[in-house]
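The structure's right below; bear with me while I get my questions together.
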Amino acid sequence: MSGSTTTRRQVALGSIFLLILLLLPLVVDGYYQTMLTTIFITALVGIAWNLMMGFAGQLSLGHALYFGIGAYVVALMAERYGLSPWLGFPVGFLVTSGLGLVVGFLGFRFGVKGVYFALLTIAFAEFARLLFEHWDYVGKTGGLFLGSVKPDNRSLITLRGSATFYYYAVLATTLFAWLWCGYLVRSRLGYFWRAVRDDEDAARALGVRAFRVNLLAAGISAGITGIAGGWFALMNGNLFPESVLGMRVSIDFIIAPIVGGLGTLCGPILGALIVVPLNEIAKEAGQALGLNGLNILLYGTLLFIVIVAAPDGCWPWLANRLALAGRSSSKPDGP
Amino acid sequence: MTESKFYSTTRRNLLMAGASGLIGSGLPMPAVLRAQTSALKVGVILPLSGVLSFPGIATQRGTDLAVRMFGDEGVKLEVSYADTESKPENGRLAAEKLIRDGATILIGAWDSGATISAAQAAEAAKVPLVVNVGSAPQITEQGFTQLFRNFPPSSEIVAKGVALFKDLPRGNGFDPKSAVVLHVNDTFGQATGGAVKAVFEKLGLGINILDVISYDARARDLSIEVAKAKATGADLVLPITRVNDAILIVREMIKQDYNPMAIYGPSSPGPYEKAFTDALGKFADEYMTSVPWYDPTTEIAKKVLARWAKDQPNDRFELNSGFGWESIQVVADAFTRAKSTKSEDLHAALKATNIKDHPMAGGPIAFDAKGQNTNIAIPLLQNQKGAPVVIAPAAAAGAKVKLPMTKWADRA
Amino acid sequence: MIELYAGVAINGLMIGAVYALVATGLNLIFGVMRVVNFAHGEIVVGGMYIGYGAWALLGLPTSVSVALAAIVMFGFGYCFQRLIGNQFANRPQHAQFVLYISLALIITGGLAMAFGPDPRSIQSAASFSVYKIGSLRVDATRLQAALSAAGVILALWLWLRFSLTGKALQAASQNIIGGRAIGIRIDHVFAIATGIGFACAGIAGALIAPLYDTTPYLSADFTLIAFIIVIVGGLASLPGAMLGGLIIGLVEGLAAILFDPSAKSLLSYGLLIAILLFRPMGLLGKRRAL
Amino acid sequence: MLQIESLTKRFSGLVAVNDVSFSAAKGSITALIGPNGAGKTTCFNMIAGATAPSNGRVMFDRHDITQLTPEKRCDLGLSRTFQIMRPLAGMSVLDNVMVGALLRTTSLSVARDEAREILASVGMTSAADRSAASLTLPDRKMLELAKALATKPQLLMLDEVMAGLRAQEAERIVAVLQTLRASGTTILLIEHVMRIVMSLAEKIIVLQQGEKIADGSPPDVVRNPRVIESYLGRKGAAA
């Protein structure tokens, strides 16, 4: 059994899971579809973030930067210039991955590591938020609004539409990103990423170009996050610097991959499936009981339990249960 | 898109058929009759937690009061709330949740961002959304067909308010030549701050705006902002605030002994709140605002205030509770006329809304092509003896304006 | 105009001193254990609620509530470290990060449930009192808070320098294994360090409770500002934290005059980025800790 | 093949390596010996590029590589092991070796096959799928060697790979090294086990307190009075 083969059982279980997701909109209504779409977006960013943290070992606490900029690029192109998001997404990807490269370049070039790198990413994200809050072109704190969807709207052109449309669109994007990351992680680059994550000096002694490999992780991770931001913008219709570039956004997005399991391909998806509904349930419970803050408390408690009781996250445990058996948590697993 | 709508409507029909079938089998009541007498399910989206929960909860109190009052008159409304946690992006999910739970009409979402977010979902599901509070001009500019706003855009509040301010008698030490704008840098504050500067220039008040100072929405310390304002030496301070920053500003002005001729917040929510007057006591007096307000001279306002005093003796009936109340009035009125709980019937009824008797000052509640009620009056308010009173226009005035402001040091 | 600048500078320095106390707590925890307390701002807010609660329920003055906050937060920090934190001492960074984030969420949620979202403010006659120095007006409460914060930092510095436990802390901060070898009870020392770190944050919170309206959601800003100060001043350097606090207080004040007050943090983040890239050990730091 | 010219390293005033020059001929085995703290590993790190020299040059295959990064040097054919073993702990043994093999190929299957071969040559086939973190000390040493070999080095630098091994295991490594030499690979060793050094190396360089005190064939070095006095004098019994 080797790290890069996919077992038949993995493929079978993965296909069943995907089939369920594909059929789900037939039986659940708009609310659950939107909730699931939110889960997909959370999973998408989680996959991207995990590529950088879980596989390449760089702790970024500022992914809101890429999420927000991606969102703004797609929204601005659609709203200000009437350009289809079919163009907006590639541009958003290029811009955000470029930003990821810049932040990564500065960080790696100057040897900023660990907690310092994390703080550097926070600083860039917060800097961007404040900048956007004072930049007329993007609407400052006033926000940026997308017009309502026209009655003659054609979703395949405008990439906007009903909850069901977003459901499938974001599902497809997430699936695509997941397969791509799965491919990357199992590729030569993936070996180099994990080598650098485990021990940068030892990896360099084996000829791994750590700087370049790290940069690639940062760029790809940022680009995927930007795409997620673009979907968020189209789906939500309004953008505010605080709600897409804020510190809270960065934190919210990394909770899912950590709960799910760092350095696993499926962890971010599982994490999103746990974290998003839990937050929603806690919110409703808090509201029903009239307890402001109950959801935050429950959210914190869940995280606490996971990190104390199952520090590798939930996926390795579940994978064992499903007999998908990862030898080590770093190994890419089937769905 | 068409496809998905097909799914969702079929599903809803299926569900309803199932539900009525169930009732039909259990009760000897015809399904049709049952539908006619059933309560209207109203979904209300508000920021009930997070930074905006303060006004959100005030709006909820007004909404609840109206539900009780209309319930007494036999209008059966079943209200459920969804919390946005003060995050604009949660509006959509909140709306969809309420629609799932059976709401055929929505009210919300207090804050402009969440309102637009919710409107996307309402638009997709063809469920009318009555905006209770939300002053961003963009709300009615997005082409939403399901949206009805019974709240003026900030530019209009400012324009109408400043026009009244312009006519205030000058002299006796009140003859402002210059002003400084201090505004919170969030969606609302930024739009309003810009409007204030524009309106002052357009109306030709002869008052020069020396500086526009914006401060962070989360700022806890406004000493530098006030120092900067004081350094301009402006005769007028125009703060665009919510309640706590208004308190901070006044406290700082006292500490820094900054005594302008007047403090006037056009379209600034907060200074009329009980929290403001309680916190500042005598220092809260003579602070002016212009916001939509209830008209205490009308019968319905007296009725509402009387019931409020009974139900909520510790809270003040103000703008948020007022528009919360009216949002239910608008819905109840549409429901009564439509005699249906179906979204499309309610939508048609809302289009024809024309409510003459309502507590907030202004002409009849009616919606134009964009879904905007343009008949809302904006009075000028001034805090006097610990509570806000209308001082202009003269017809609605409950007291005379007191200007220039008493110096802080003289308020022993 | 000079008056404005002087006033703002004094104001910035005063609030900077309180920030410095917050940052000192963070710095101490980092210096000894090499963990970053992402829940630091929440501890500050906890201190604020203690200050508010002591005033609102018992009518206690700030001086008493400061002592109360110090004791409560020290105890909390000590127990937290003994029961949970120490298990995480050798865990990877992201695990520590998640632990503190979860602590932060639990505290914020708990405070929101206990006190509600409404801002709580302490109002007394003293709220408005000022000292007049020439044409300058200095806020009395703020000056008291600044002086108290500076006093606490100085006392802490002396204690670290001259007391036995303080020396043990310093030894531990320099070499954990070496510290263990010479018989320092690492678990206990770590818990003491966390306790003191939390106490610093709690004291700072109680000190600013009369200045700021307390809400459960203030904490993220405190955490971030403490980070900036620690990085700018230099990790594991107490004078660095003091200097960093004063610099950030001053920089934010001046940025507010020169640009827009709402953009004042732009300069702080710019400074943070520059320091991280060009002088990662901070202004007064001597070595890279990580 | 490798030529070191006046290599010097100062750590804040302390001179760790002072003006050391030597060369290693292609296809030879050269041993670097000396007491603890003599500067052997520092010297190694400067050759491998992990530490920048304060002074001096490193010539590899007649190219000056003093300014190159470690990964670039590895690419040129210079591979090293670490004294304190550094397995990639989150990966399997096979994956560890594959990382090295992937330097020379873009094909995962080629790299995998090569990695298996190398593991077989050091007798670690059975451990291929185990986590690198779970290995015993001798196996870790073997893994260090296997990783370095996977990059197909022209110059292999081994930092005490035999320390702490039992005779039988050390013999296995010696055999591997002899095969390598036969195929033309140059080897530079740091080693304490004198028996092995004497039997393997064509050339021995002796460092003491950062300075080179002897350089020559094993018999010459053993006869060198400075070496006997300072180093072998005390440890002579072991040789």
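Which chain is which? They are A, B, C and D, in the order written, and residues in each are numbered from 1.
Here is the rule we use: contacts are C-beta pairs under 8 Å (C-beta built on N, C-alpha and C of every residue); 3 or more make two chains touch, one makes a residue touch a chain.
These figures come from a predicted structure and were not determined experimentally.
Chain centres computed from CA atoms place B at the largest separation from chain D. Set side by side, the interfaces A-D and A-C show unequal numbers of C-beta pairs in contact, with more at A-C.
Chain closest to the overall centre, judged by the mean of its C-alpha atoms against the mean of all protein C-alpha atoms: A. Distance between chain centres (mean CA atoms), chain A to chain D: 43 Å.
Measuring from the averaged C-alpha position of chain C to that of chain D gives a distance of 49 Å. If you average the Cα atoms of chain A and of chain C, the two centres end up 32 Å apart.
Per-chain CA centroids place chain B at a distance of 76 Å from chain D.
Shown for chain D are the residues that touch two or more other chains, of which there are none.
Residues of chain C in contact with at least two other chains: 112, 117, 260, 262, 265. Residue positions of chain A with contacts to 2 or more other chains are 133-134, 292-293, 295. Touching chain pairs in this entry, ordered by label, are A-B, A-C, A-D, B-C.
Considering their complex, residues 36, 84, 87, 91, 93-95, 97-99, 101-113, 116-117, 216, 220, 224, 227, 231, 260, 262-263, 265-266, 269-270, 272-273, 276-278, 280, 290 of chain C touch chain A.
The part of chain A that touches chain D in the complex is made up of residues 1-4, 186-188, 191-192, 194-195, 197-199, 201-210, 263, 327-331. Residue ranges on chain D touching chain A, taken from their complex, read 48, 50, 69-71, 74-75, 79-80, 82, 86-92, 94-95, 98-100, 102-103, 106, 108, 111-112, 129, 131, 147-148, 150-151.
Those residues of chain B whose C-beta lies close enough to touch chain A in the complex are 1, 3-5, 7-8, 11-12, 48-49, 53, 81-83, 85, 87-89, 92-93, 96-97, 99-100, 112-113, 116-117, 119-121, 123-125, 136, 138, 142-145, 185-187, 189-191, 217. Interface residues of chain A facing chain C in the complex, by the touch rule stated above, are 53, 59, 61, 106, 110-116, 118-120, 122-124, 126-127, 130-131, 133-134, 247-248, 251, 255, 258, 262, 291-304, 306-308, 311.
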